[in-house]
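Look at the two complexes coming up: subunit A is in both, with subunit B in one and subunit C in the other.
Our next item is the complex of A and B:
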């Protein structure tokens, strides 16, 4: 099943109430927020209403918030080699 | 007498123009993990030999190692993936010709610095440095030994081994940082303790109200000390690449 990946690029400040409500119906509360919705006529119509504000791409699989966050997280860059008091000696 | 003076003058002139003027010489020789044959050849020969004496057996070793390098340039990867959606940071795994040539020189110099990345933030470190990290490291206690395994630069006085520049992220492709192979170096840090800042007081006020609410906060930070920083020799590195040993290893 295909999904829309919708990213809010421009703020809805100063726009009519209908546009703002469409954005909140899509689940877009602030700029650069990304949501995934299935490709349906309803969603396509909502996107058309706010097409000047959003970036849309069609993707195969949706991502959860945790997955999107995970994709941005860098490597910790360290691991604990030896804990204090543990017997193993480092050569 | 005049003849001698003339020849002496010519000798002087010749030695002066053997090298380009100092401001044209590169400030520092650079090694990259990208195999760019042009870049390594840019370094003039006199500069390579100016900093220190390279013994003849070291040069011999270099030649022999360069010969058997072509065979195992495609090395097994040391990638440790955490999850299917985790960010992919590139860790170099192959021995490039410039590493072949210049790693022994970097290794032969006495003290080194490293740009280690912790949670994506760079720290320029050398042995003996004490670092107050800007966060409280979870699940460690004083005395623990950490191994720093993500670095973009390792350098000495004359040489720097650099990883490629990071690629900027787009909406479709996340940012990618290129790190040096973690088998190239050993960097250990000991957790010294936890430091805390002075209490912060923030005054919260409402309009037309006399009451002032005070909000207190006091953050804690982990302090580490770099106990060990070594660059591995070329033979050692090649052995590890050949053996496919990657990730957590003892020394």
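Our next item is the complex of A and C:
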């Protein structure tokens, strides 16, 4: 099943109530927020209403909040070879 | 003569904040990018619905009547019709919320 990945790029401050309510119906509360919705005619119509404000892509699977957060996390710059007490112990 | 405290009309007292009558080339560049971004959103939505062999009226209407960025004349990208202005055209940056509204069509002949 295909999904729309919708990201709010521009705020709807000062725009008509219909646009702002459409965004809240899509679950977009602040800029750069991303939501996933199945590809349906209803959702497509809602995207058309706020097309100037959002970025849209079609994806196969939705990501959870945890997955999106992990994708944003920067590379720590090191990797753990061995932790104390986890490897083979000399008895 | 130069620097932040130079004597210009806006700084030498009084309310004089002028909006230039035409867009700068950087404003035009960003305007083109915004137009293209809206085009890409529409084509994404259309393609996604098309894969399920569906469509919606809003997309169809947009496709039928709205030109894409490449088809538009520079005149229509950066100016809009206004009946109150001399020669019936004003810069699109005078339109309220102009970076977040789609204003592409103008009356024929103007």
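Keep in mind that, in the parts below, the second predicted complex is superposed on the first by the 74 of 91 C-alpha atoms of A that agree within 3 Å, B and C clash if a C-alpha of one lies under 4 Å from a C-alpha of the other, contacts with A are read in each partner's own complex, and residues count from 1 in each chain.
The definition used in the following text is that contacts are C-beta pairs under 8 Å (C-beta built on N, C-alpha and C of every residue); 3 or more make two chains touch, one makes a residue touch a chain.
What you are looking at is a predicted structure, and each value in this text was computed from that prediction instead of being measured.
Legend: residue contacts after superposition of the two complexes on their common chain; A:72 is shown touching subunit B, with no touch to subunit C. Of the two partner chains, both subunit B and subunit C are touched by A:55. Of the two partner chains placed by superposition, only subunit C is touched by A:15; subunit B is not.
Common to the subunit B-facing and subunit C-facing surfaces of subunit A are residues 55, 57.
Residues of subunit A that touch subunit B in their complex: 7, 55, 57, 63, 67-68, 70-85, 90-91. Subunit B makes touch with subunit A in their complex at residues 83, 85-87, 89, 116-120, 139-150, 171-172, 174-175, 177, 179, 188-189, 191, 248, 250-251. Across the interface of their complex, subunit A is touched by residues 34, 37-38, 41-42, 44-45, 47-49, 51-52, 54, 56, 58-59, 62, 97, 99-102 of subunit C. Residues of subunit A that touch subunit C in their complex: 2, 4, 10, 12, 14-15, 39, 41, 44-45, 47-48, 51-58.
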